[in-house]
Amino acid sequence: MSDPHRRDVDVELVNVTKRYHDITAVAGVALDVGRGEFFSILGPSGCGKTTILRMISGFIDPDEGEILIGGRPMRGVPPNRRPTSLIFQHLALFPLMNVYDNIAFGLRMRGVSEREIATRVAAKLDLINLPGYGSKRVDELSGGEKQRVAIARSLIIEPTVLLLDEPLGALDLKLREHMKEELKAIQHRVGTTFIYITHDQGEALAMSDRVAVMSRGRIEQIGTPAEIYEQPQTQFVAYFVGENNAIAGRTVAVEDGRVVVETPEGRLVCRNPERLEAGRQGLVFVRPEKLRCVAGNEPGVETPGGANALRGTLEEVFYEGPVVRMRVRLASGRQMAVVVPNVGTTVLPAVGGPATVTFSSEDAYALPEGEP
Amino acid sequence: MTARWLARVTTLLYVGIFLLYLYVPLAVVAALAFNDSAMPQFPWRGLTLQWFAAIVQDPLLLRAVGNSVLVGLAVVALSIPLGVTTAFLLVRYRFPGKGLLYALVLSPLVTPGVILGVSMLIFFDSLGLRAGLPTAVLGQTSFIASFVLLIASARLQKFDRSLEEAAQDLGATPLRAVLLITLPYLRPAIVAACVVAFLLSFDNFNTTFFLIGNDTTLPIQIYTTVRLGLSPTINAISVVFIVLTVALGMSTEFLRRRAGT
Amino acid sequence: MSGRTAAAVAVLSIPALLWVLLLLVIPQLKMLDLSLRFMLPYDQVGTAVDVHTLTHYHAFFTTPLYWKVFVKTLYAAVAVTVVSFVAAFPIAYILAKVAATSWRRRLLILILIPFWVNEIVRTYAWLLILTEQGVFNQILGTLGLIGEPVSYLYRDGTVILGMTYAYMLFMIFPLYAVLESLDTSLIEAAQDLGASHLRVLRHIILPHVVPGAVAGGIMVFMLSVGTFVVPSFLGGRGAVWFVELIYRRFYDALNWNLGSAFAFILLALSLLFVVGLLRLFGLSVRRVIQSP
């Protein structure tokens, strides 16, 4: 999993475009998903991710481009003949059938003998930890049980790719956390390629081998969860994934992979992943948990762990249990969010008192300013 | 407080009078079916069941009942497929002329029955089809299919299409998905529509009257008999007719509530 | 995918088109065509003399018997519709807003039962009541109010009474449906703000009721204008109503051409009534049909 690009490719999208009237839902998307990979497409609603999923499963055809599954072009192949299976957002379990008949459906469509169906359904019920549930009615199941039945129903036809359309959206928070682990575990056991779409970055980061972040029909960035989180390549990714503080300024010097940005808060030094040259407008991003906050804002105050220091006033402190969140207002009026772990040694400045926010040049990066 | 009391009394009085207005005429019909008098009139001359016995001995009446059942079943067999497939067409698809088709299939609901009857009489006659039970079936189907359409589309609109897509995704052809998933979902509505269609057919006079030719159905036979003169047998058959239609009506109400349409 | 959709539309259109064309459109066009031709002996139909003419429509407008019957039928249908609304509205309102839930269901069933009884039986009931030896005369006689039995049949008023009895229930259910959907708190809020009962009725309730009233009105009007049974039983042989006029052209006088013209006039009147009512209240067919 260290380098999924090297693995066999199961699903390949080549410059896929889909338009509805004059709206371009998907604009020239290209991506490869490796065999056995857990691949997520993350984006806000309306970004085109559902359209991509429906194109892969065959419910809509792309206007341009090609979709290949296992190397085979899929144009004109109807959903019932594709080696894919889709877990619907609201699961779409057949309400008039019991659990057994739901799971057996795909095999019956393939003309498998009832005897073999019985053994395979039983095996799938074991896989999802619901042995003996065959005769239950769908409406007798809990939310989590429904999820698992839907997964079993799809997996039993042994698809090359399992497509999941935000299946955890309808669950409550606790169950969602649990199902995340469960999904990941099931994927591990069966080894099927998963393509998972979601607008929830927590789900995408926690489960995926790789994540594609989408906005307005285009892919902004594809990478491992860590790459997406730590090294966003576009402003959209920086804003959309996780929380971020952004400070606008002008680059004044570039040296050794670092860039110096002149901002109203002073000069800041940070990473330069997009190789900005001097004299450009740029944004410096730094995540709240990478910041530290110390009392006092006189120029002489010590700034631990960082080359960069921003002076201001601690406006508010939110005690959230595992972490403490702070809001610091800088001299220019800009607010900075700071999150520090709630460990015994944390000493907080007084609310309303002077404070200095510091961070290292390694933890911040500059991106060219443009449309977010 | 007195104003409230007055409102209550007025309400009860109005409901009471209204119900009397609805039921007294029907009670008169029913009571005179049991009166031992050669004319359906008061005074009361004692209880008898002879008028009911007379029904069984009247071959015309029995034939009419038989025809009504036959026509009703045929109308169900025709109007259910017409109404249900058209519901699929109108609920599921967009196509040119959809608005016009929608207006046309619902137009029988607001067209006097005689017009349907007369126009089809003319058309069938021009084709050389003689008026009779088959033409009556076609005539009734023309508007009963509209009721079927309304009942079926109400349920179809509630259907979650991702169920059909899930079936396709699992390997079913689109047609199989409809047969295995959508039709079972529509079943309560179709059952309700069957009973409604049968009841409407069993009850129909206006359209049938023009298309039945020399044959009869129960309403036509009752009409003809009344025109010949009053007789307590008419009361007896009316009571039977009331019991049958009210039973059918009750079951449609129950079935439609269950089907959620 | 769009190819598949087109195929599905094509297949599903076949039964719909058969229905619409063979049972509705072609018969009605055929009827119109027949009404625009002379009545000819059988062997001349389709020959050079079989041309289009307005003679039957001309006959309708110039023969007082015909248009008077038409006007009477129209007038009676409007009267029945109005009376039905006035009498049915309080019942529908009581059902929807006044009656306690347990009573509402019982009352609904009580009103539904006569609704299911055939119009022939319901009209027959009034025939029994109103004939000379009927229940009504017997009661009046017993009370000493009349000496000689009076016949109430053969009067237009009796026909209107019979039609009202037979068709009024078609007004109640659409009215009930719209009233039930009216949020009771709206009425209470208006009263709370000091509106009188009459003003609540005028400004809150009646506007909401319009689609139901139109749906019910169309049903009652259509049934009244198209009834054959009620005048036939209660109007007697002397009184001719419009549908009977049509019927006679087809079965007694055997002038199908004139009969078709009458039938087409009735169809035009119905269409005009429906369209007029919808226009008047700015409603769509769909909204009215879904309301009951």
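Each chain carries a letter (A, B and C) given by its place in the written order, and its residues are counted from 1.
Convention: contacts are C-beta pairs under 8 Å (C-beta built on N, C-alpha and C of every residue); 3 or more make two chains touch, one makes a residue touch a chain.
This structure is a prediction, so every number in the text was calculated from the model and none was measured.
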Task: Chain with minimal offset from the mean of all protein Cα atoms - done: B
Task: Of B-C and A-B, whichever chain pair has more C-beta contact pairs - done: B-C
Task: Chain centre separation (chain A, chain C; CA means) in Å - done: 63
Task: Chain centre separation in whole Å, for chain C relative to chain B (CA means) - done: 16
Task: Intercentroid distance (Cα basis), chain B paired with chain A, Å - done: 58
TODO: Two or more other chains in contact with one residue: find those residues in chain C.
DONE: 4
- [ ] Please list all residues of chain A that touch 2 or more other chains.
- [x] 59, 78
- [ ] Hunt down the residues of chain B that sit against at least two other chains at once, touch-wise.
- [x] 174
Task: Residue numbers on chain B that touch chain A, as the complex places them - done: 160, 162-163, 165-174, 176, 181, 184-185
- [ ] Please name which positions on chain B make contact with chain C in the complex.
- [x] 11, 14-15, 18-19, 21-23, 25-26, 28-29, 32, 39-43, 81-82, 85-86, 88-89, 92-93, 95, 101-116, 118-124, 126, 138-139, 141-142, 145, 150, 174, 199, 203, 205-206, 209-210, 219, 222-223, 226-227, 230, 234-235, 238, 241-242, 245-246, 248-250, 253
Open item on the list: Residue numbers of chain A touching chain B in their complex, please.
Closed with: 57, 59, 78-81, 84-86, 88-90, 92-96, 105-106, 109-110, 153-154, 157
Open item on the list: Going by the contact rule set out above, which residues of chain C touch chain B in the complex?
Closed with: 4-5, 8-9, 12-13, 15-16, 18-20, 22-28, 30-31, 34, 87, 90-91, 94, 98, 107, 110-122, 124-129, 131, 133-135, 138, 165, 218, 222-223, 225-229, 232-233, 243, 246-247, 250, 256, 259-260, 263, 266-267, 270, 274, 285-286, 289
